[in-house]
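Okay, so chain A shows up in both of these, paired with chain B first and chain C after.
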Partner chain A sequence: MTTALEVRNLSVEITRHGHTIRPVDDVSLSVDAGDCLGLVGESGAGKSMTLKAILGLLPKGARVTSGELLLHTAEGTLASIDPISVRGHGISMVFQEPMTALNPTRRVVDIIADGARAHRDMSKSEAHETAVRLLGEVGVPAPERRARAWPHQLSGGLRQRVMIAMALATEPDVLLCDEPTTALDVTVQDQILGLLDRIRRERGLSIIFVTHDLAVIGQVAQEVAVMYAGRVVETGPVRPVLDRSLHPYTNALVTSIPHVDIGTDQRLRTIEGAPPDPANFPPGCRFSPRCPFAQPDCTRAEHVLVEQATDHRTACIHPEALASISVEGSP
Partner chain B sequence: MKLRRRSRSGRLAVEPADPVAAKPPVPTSLKIGAAILGIFVVVAAFAPLIATHDPAFQDLTDKLASPSAEHWLGTDQLGRDAFSRLVYAARTDLIVGFLAALFPLILGTTLGAIAGFFGGWVDTVISRVADAVQSFPVYVFLIALVFVLGTGVMPILVAFTAIAWVPYTRLIRTEILRAKGLDYVAAAVVAGLPHRRILFRHVLPNSVRQTVVYFMSDVILATVTLATLSFLGLGLPVEQPEWGRMISEGRTFLRNQWWLSTVPGLVIVALGMGYALIGDGLAQRLRGDG
Partner chain C sequence: MTLLEIRDITVEFPQPRSFVDMLTRTPRPALRAVDHVDLSVERGEILGVVGESGCGKSTLARAIVGLVEPVGGEVLYDGTPLTFDRHSNRRRIQMVFQDPASSLNPSMTIGSMLAELIAYHHLRPPEQVQDRCEELMDLVNLPRRYLAYRPMRLSGGQRQRIGIARALALEPDLLIADESVAALDVSVQASILNLLLDLRDDLDLTIILISHDLAVVRNVCDHVAVMYLGNIVESGPTAELFSSPAHPYTTALLAAAPSFDGSRPPGNARLEGEPPSPLARPSGCPFNPRCPLADDECRTVMPPLAISDGRLVACHKPFASSRQGARTAGPPTGE
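Showing the complex of A and B:
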């Protein structure tokens, strides 16, 4: 299978008041054409920062200190690219908050048509038609009429559909989704996930889907990358990673998923401790202070992703510790 | 939910409001304010039809006359018809007052947008110049400028613009800094839209609410300031009918011909009320609780 987008050794640093932190540390990701890569991790793990770096949207003070972005080209090769140059072409983004990601002073049709016109030359009416067609494609009922609506007149689910239509207007090869369903209620979330899945299959689109919700990952992704404290700690096909985790952090995330059949007298499982402060990451394996299987040598472990099963890589130097216990509560 | 008549599409008039077409009701204050301003605009536009006399015609044999059927508001110290002067003055005060607020709005908004959107040294220069302008006492600066620039409408507009742009720049700059961080601006950036389009279509339209409301109060201020300058004998030519000058000239005769000063004063108050109500209504409307 061909790789649609590859990120190699990406590091992002932020300098504030003379202190430099590295919220994204040597992250490599790749997503195959037509696949969905789930990027999971707690808040502050560096997921969103990675997406922003890919699009060149880093906030003031943050900069990419190393790394390369490769995008599949028409010639069938991967080409190194500059984030700014792919804007409106190869990569689009769906934002987390459909409330704030749509300009309240523009009609829905104009929001979408803008992207279409930025991508290639077309007349106003052509862009308008494209916008209405896209609204139909993302399942907005009565697209002709909704096109004239203002964002505030739409429900959260509809807004997110408009966001997706807007992202598709530039005809991207890769769609970055930053927790696109977090702000929605569960039934709507399910519809949007179904929509993204359908669009991915119909258009052969690659998706990088950022979320902290493992259940969502199980639903939409084929591949998954788990991030912790600015690093990718485990990658692989979605089922093996979730069912037979080879990193204690992934395992902890999986076993933390609450179940409906949990007894009222039972406490929810949590991960002990708190995510480390980016200004003061622990030495060696950054999860070791919270890891139930930690060994003395973990604090000296070098961060290398090692392939333990087919395409299934982990940074844990003691994956056998996990294999000895049975994994409960996988989704 | 309000029912809307849809005669154009031929559908039933009782169909529930189309959320796409529905508009919030217009606040009462906006209606009253617009009505007051409307009266002033009509009077200014049709001044020659409404005025009973030539506002410049002097009849020294009939000066300081009391109100009568001939002279509704009497005559001033030069025997000119006070009512006609009051009517013609609406033209001056309305137009000059409005422009004296509009030009600063345009200049201030442009500078604020540039400073906020591009940041860096451009922002620093604009912000420091704004500080410098603001550090002068407004009236002292204004009177000095008008004094130097001379008599006439242009000097007044130049002086107002040179001073009053500062609040607009500050307002817009702050709003733009806020708007710049919003997702839809990022979305526009990701879509590959050019800078200019992002600034004018996405950032600026979402930053002008407060400015519009502030503008309405600034028009009042500009109108009153214009009258004040005329009261002090600065700015507009002496012959030109202007409310501030009418107040000033009538001051001497306040004991016996009190209406000469009082009526123009009340007219200014009425116009100010009109602008204030419009500003209030707009603020209410833009907050979305119309």
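Showing the complex of A and C:
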């Protein structure tokens, strides 16, 4: 399988009032062509910041201090590229809040057609046709009529479909989705996830899907990367990572979420403490102050992702501690 | 023993009308957010109310605590009807809101906020107020020194604990948690849910948990009521309702919930469209435009909430959807 997008050693720094913090620290990710990579973590883990850095959309004051972005080219090789040159062209993004991300002064058809015309050489009428066709493809009922609508006339689910149509208008190879279903109801979320899964398979699109919801990851992703305090702490194929986690943080996340299918009829497990402040990360393993398996050498541990099973990498230096409790039949 | 009984409650919000309508004296259109709902809550149980946005679950909660006045029906608390004037004794029903950041006064310290409540209701003699505040902090597992802090200094989970302490300050029997964990991270969400479970056991509280998250309800609640467009469409014990849903909407909700183990592919619910606006309610069953099993009866006759095989359900074809299974229930939609 060919790699569609690779991010190598990405670091982002923000300087404010003379203090520098590093919300994204040495993050490496890769997504294969036609696959969906799930990026999970709690708020403040740096997942959205990573996506924004990939597209060069970092807020004022934040800058990429190191890292390389490689995109699959027509020649079949990975080429180093500049975020701004690929924004919208090879990589598109679907944002969380569809109301604030759609221009309220433009009709739906124009929003989509503008994107298509900015990146592809086409006439106004061609762009218009493309927009209506895309609206049909993303499951907007009566696309010719809805194309004339303003964003505020659409429901949340339809707005998110328009966002996806807008992202597809530039024919990207990679789609970045930043919590695209968090603001939606569960039945609408199911429709949008179904839609993203279908266009991924039909168009051979690669998706990086950022979410805090592990159940959604279990449904749509093939690969997963877990972020904690600005770093990737575990990566691998989705089932091994969720079912046989090799990092205590992933394990804690998995056991702290309630499930629909099985009722636990008992207290949920919790993670003690709170995520660290980016201005003051603990030394060594950043999860160690909250980790139930922490040992003295954890505070001196270097952050390296080590392959423990096929394609399954963890930054934990004591994965055996977790393996021993898993065997005893805990969740 | 029944603690709270809601009988045939209806809440409407009048809508603005046009100038012409005003001149012609056309009555104001009304948005019916809660439509003839009956519900009873047993003492000591946790009742979950689930549904999508706009289904009226929050309005129902606000009607119970008295923040909105229903146009019809009554709420019986311990057998006596509650009135909707400001001085009625609603102290024993308290609410925890969704967003702790906007429901706490930013200019007051936690201590003064709690002390004011206790003093206003004369729950403790003045010299014992401080002790009671410290006791409340212990109840919600926060350090006592936070009494001197303002809400801004606390994290989201800690603020939600203050929201719970604020409700507990009035020594309620019934706590209504309206999406109280929706805005929190997963690990914090788990600790707040555990806190609610502990409080139920320690203080013998009754809790109504309002949530859009089926997984939360599945793990915490004893009974569940499912709402759609202002109506309760199904209610019953949690485990039974989740294993064999009687209403096609419940079936669809469960099929749409993301499955952690990947057993349901995305798009599994095969449910088209979105809930209609309460201003344009469909005739007959409110779910019929989206229901894969709808026929002419469903489109014309509103099914009553009635007991069918030990489950309260408002459907002309109870259990038909779960017997068929969600995957074959609907026609293929192409998605």
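Just so we're on the same page, the second predicted complex is superposed on the first by the 317 of 331 C-alpha atoms of A that agree within 3 Å, B and C clash if a C-alpha of one lies under 4 Å from a C-alpha of the other, contacts with A are read in each partner's own complex, and residues count from 1 in each chain.
Criterion: a residue touches a chain if its C-beta (ideal position, glycine included) is under 8 Å from a C-beta of that chain, and two chains touch if they have at least 3 such contacts.
Predicted, not measured: the structure shown is a model, and the values here were computed from it.
Partners chain B and chain C, once the complexes are superposed on chain A, both fit on it without clashing. Within the superposed three-chain model, A:Ala169 lies in touch with chain B and out of touch with chain C [touch as defined at top].
Looking at the shared chain after the overlay, A:Arg16 reaches neither chain B nor chain C.
When the two structures are aligned on the shared chain, A:Pro104 is found in touch with chain B, with no touch to chain C. When the shared chain is aligned, chain B comes close enough to touch A:Ala149, but chain C does not. Of the two partner chains, chain C is the only one that A:Glu42 touches; chain B does not reach it. Judged by the touch definition given at the top, the superposed model places A:Arg300 against neither chain B nor chain C.
In the superposed model, A:Gly115 makes contact with chain B only, not with chain C.
Ranking chain B and chain C by residues of chain A touched puts C first. Of the two partner chains placed by the overlay, only chain C lies in contact with A:Asp261; chain B stays clear of it. Shortest separation of chain B and chain C in the overlay equals 7 Å (C-alpha atoms, whole Å). Overlap of the chain B and chain C interfaces on chain A: none, as no residue is touched by both.
Within the complex formed with chain C, the chain A residues making contact are 42-43, 139, 141, 155-158, 185-191, 193-198, 212-216, 218-220, 238-239, 242, 252-254, 256-261, 263-265, 267-271, 274. Residue ranges of chain B in contact with chain A, taken from their complex: 18-20, 22, 182-184, 186-194, 197, 201-202, 205-206. Residues 52-53, 155, 157, 185-191, 193-194, 197, 212-216, 218-220, 238-239, 242, 252-269, 271-275, 335 of chain C are the ones touching chain A in the complex. Partner chain B is touched in their complex by these residues of chain A: 55, 57, 87-89, 91-93, 95-97, 100-106, 114-115, 118-119, 145-146, 148-150, 153, 163, 166, 169-170.
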